[in-house]
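In the part that follows, the structures are each spelled out as structure tokens.
Below, subunit A partners subunit B and then partners subunit C, in two separate complexes.
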Partner chain A sequence: MADSRESEADFKDRLHAKLQNSGELEKLKQTLRDRLQECGWTDSMRKICKEKVRASSIENVSIDDLVNEVTPIGRDQVPAEIKNEILLKLRAFLDEEA
Partner chain B sequence: MGSASCEHVAAFKSLYRLQPLHILHRKLICPHSEFFSREAISLLKCMLCRSRRGKHRLHACLHCVFIGCFEKKHLHRHQKATGHNLSIDLTFGNTHCASCRDYVYDDDFEKVRLACRNGHRNGIHQNLPVWEPEKIDLNFLGQHAKRLTVDGRSTLGLRGLVNQGNTCFMNVVIQALTHSPVLRDYFLMEKHPRCSPSEISSCIVCEFSQIFQEFFSNENSNPMTPYRLLLLVWRNSEYLAGYEQQDAHEFLIAVLDMIHERLQPRIEGGSIDLTGHAERSIIDQVFTGYMQSNVVCNQCGNISQTIDPLRDISLDIPQVPSASLMDCLSKFTKKEQLGNASKINCKKCGKRQESSKQLTISRLPVVACLHLKRFEQTATGSRSKVATPVSFPKTLDMGPFMSSARNTSLSPEFCDSAHYKYELFAVVNHMGNLQSGHYTSFIRQTSSWFRCDDSLITKASIEQVLNSEAYLLFYHKKSIRF
Partner chain C sequence: MLSRATWVNDECKAILDDMIFTETLDIIFQVHRAARKGYLCELYPEDNSSQKICTELGRDVFGHCQNKVQKFSEDIDCPNCARQISTTRFAPHLEKCFGKGRTSSRIASQKISSAEFSFPTHGGHTDAPDDDDWQEKKKRKRKKDGGSKKAKKKHIESDASKAAEHNREHVSFSSSYLDEKTSKRKNLKKKR
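So, the complex of A and B:
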């Protein structure tokens, strides 16, 4: 059991390194940024953060708190379409690299 | 000390100046060349857990050579051991102060960050530089406190148009154009410098600028009368003059042509500069797409290909019970046998042969105007209206009609289906028949639809729009790449 969990983490690191070195990671990140901006996710996130800061006060909110609170909301709000697009591109990359 | 800075940054600056910060930005955060970029990649990992992941929020210590992640607290471990309190977030370049337990923004540090970031963008990623407001902008905004907010109840961008006597054909075209993306930006950004007083009365572009101002500069509930535009078009295109009902599609094409011609660069004496160095006019940038016509010889298979510019697509309406826009487009791009009576001269065979012809779209415009041919001359020479209802979608996928759909040798980037998705933003409807008819339109602003009947603007639902009998359909590209 422990072995298979370790190798998944290792695999993720290896994949990440390959993506980064080939420049594909930056391309995927840019595609993701564009899509999230186009569908209004970025603006929605900005609004949510502003509201959270306004709810308490700027003195009381720290970056860490904000990150911890908003990250799960952000992940949840990503449209399935966009997730699929990125997954397909990752799969295509893996097929090529194999 | 900067306005949002802290004493710890001030202390650091007095000891070390800005050099350490500069190095970190140039080497790790915004490397200016491919070479430094690769070097940076190898360094960008947490020195304690080797993680490279963005979500672990890597930070570089400002006091020494250390990179640690925020999430697993490896940065904190280093800071506790050494007393080093300042670090830079490697994703965005912001400065973190452990003593203040927050990000701090020092004026000098910000200057370094922005300078390096803008240089980085121009070098590697070829993106446009980010605009930052200058003192003059901030002063102006401070002095002029009034803000126009566009919310659900705002009427900004909505304006009725008075019917000057059967001029509804013009009014619907004005509604569609004032709500066309990219074209609207061009006019609101005042990209066309205003002509001199002697020229302005004959400049259709200045006239449209004025119309855009009337629509978007304030919330005016009185309808406006575009009499100057009417006169301009009459003077230019006599066939459109007079108080009879005209064809909205013909008017649209005439107006687009006039604007395009007016924007052609002129040399001394007023004649058009034909050296061809000019940039594409805004009309070409927004409305012009390219159509590919393939004529294939049935005998030898030789393909004769021509590519022509097109500002709109005129579609025949197939006489089937529930015709859809997709049916019309499929018919338009179908391979057709030209038949025995229309043999084409084949270069390869050296003589006239029976051939087939197929039209496909080789390049899509930003705004696609689809014209349903409802006013056609019949075989007997009389004109009548084809009132067949044609259903049309809110989102249109042009993928199946592209030349590249049949060409598998193109790189995957061009086959990215996101490029072919279009969103409906305006519909022109015609009611009645040729003798007595009336034009109205639907336009969309962000996600709200409105019905425009000359001077009367009312809120509409998407269902009303999709159930209407369309004559002209305006779609805009969903995503635009620069």
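So, the complex of A and C:
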């Protein structure tokens, strides 16, 4: 069991390294950024953050607070199509390894 | 290699989560910095009214005025005639209004000359010689302006008019004076 776990971790590291080195990770990041901007996710997130800041009414809002509150909202708000698109691309690239 | 397939799936999901988190952080940093520095209001102005379509009469969808030519300046009250004049027309209007321009000064001087000739009828004949001198001076000025032919013509004409002057009344002199002017203008036109 220990072996398989190690190899799992190593395997995953290897996958990640492959993505990074080939530049595919960067490309996919950019694609995600574009899709989110197109569907208005970024603008919506900005509004939400702004409202959180205003609502908290603390002079110095901490980043941690914002992160803890806003991240789950962000994750939910991403449209399923975009998620699937990126997942498919990732899988297509990494399935060669499997 | 089923387990590996699941690993790949897991890894893909993890990477996607990571990417979304990165984007979220980016936005949070922007907003946080704006909040700290105090320009949050300007950064993303939420103006619901600006998104609405303007349905006012005479304006387009964005609320702009339909007429392209707009009055960009206020009218100025003329101190002389007390009318409202546009700023771009103000200077030329003042010129005419105060009588300092070319045309208006000529008109004014004409009026003066006609007025002077009418006055002697009240005062008697003692003023007549003065008028003659004044007329001569004017004619001399005219001679300097024109060419030799023109000058001779003028001279002849002025002599003729002088002769007529003594016979006619003073008021009618102004009409002959004007005739001179018109004939001079005709000569100029012929020349051209």
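Note that the second predicted complex is superposed on the first by the 80 of 98 C-alpha atoms of A that agree within 3 Å, B and C clash if a C-alpha of one lies under 4 Å from a C-alpha of the other, contacts with A are read in each partner's own complex, and residues count from 1 in each chain.
Simple rule for what comes next: a residue touches a chain if its C-beta (ideal position, glycine included) is under 8 Å from a C-beta of that chain, and two chains touch if they have at least 3 such contacts.
All figures in this text were calculated on a predicted structure; none of them were measured in a lab.
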item: Comparing the two partners subunit B and subunit C, which touches a greater set of residues in subunit A; value: C
item: Touching partner for A:8 - first (subunit B), second (subunit C), both, neither; value: second
item: Which of subunit B and subunit C A:63 touches, first, second, both or neither; value: both
item: Contacts of A:36 with subunit B and subunit C, given as first, second, both or neither; value: second
item: Touching partner for A:17 - first (subunit B), second (subunit C), both, neither; value: first
item: Residues on subunit A lying within both footprints (that of subunit B and that of subunit C); value: 16, 63
item: Footprint of subunit A on subunit C - complex, ascending; value: 1, 3-5, 7-17, 19-25, 27-32, 35-36, 40, 43-44, 46
item: Subunit A residues within the subunit C interface of the complex; value: 4, 8, 11-12, 15-16, 19, 25, 28-29, 32-33, 36, 42-43, 45-47, 49-50, 53, 60-61, 63, 66-67, 70-71, 74-75, 78, 83, 86-87, 90-91, 94-95, 97-98
item: Subunit A partner contacts - residues on subunit B that touch it in the complex; value: 41, 50-53, 96, 101-103, 125, 412, 418, 478-479
item: Subunit A to subunit B touching residues, read off their complex; value: 13, 16-17, 20-21, 30, 34-35, 38, 62-63, 85, 92
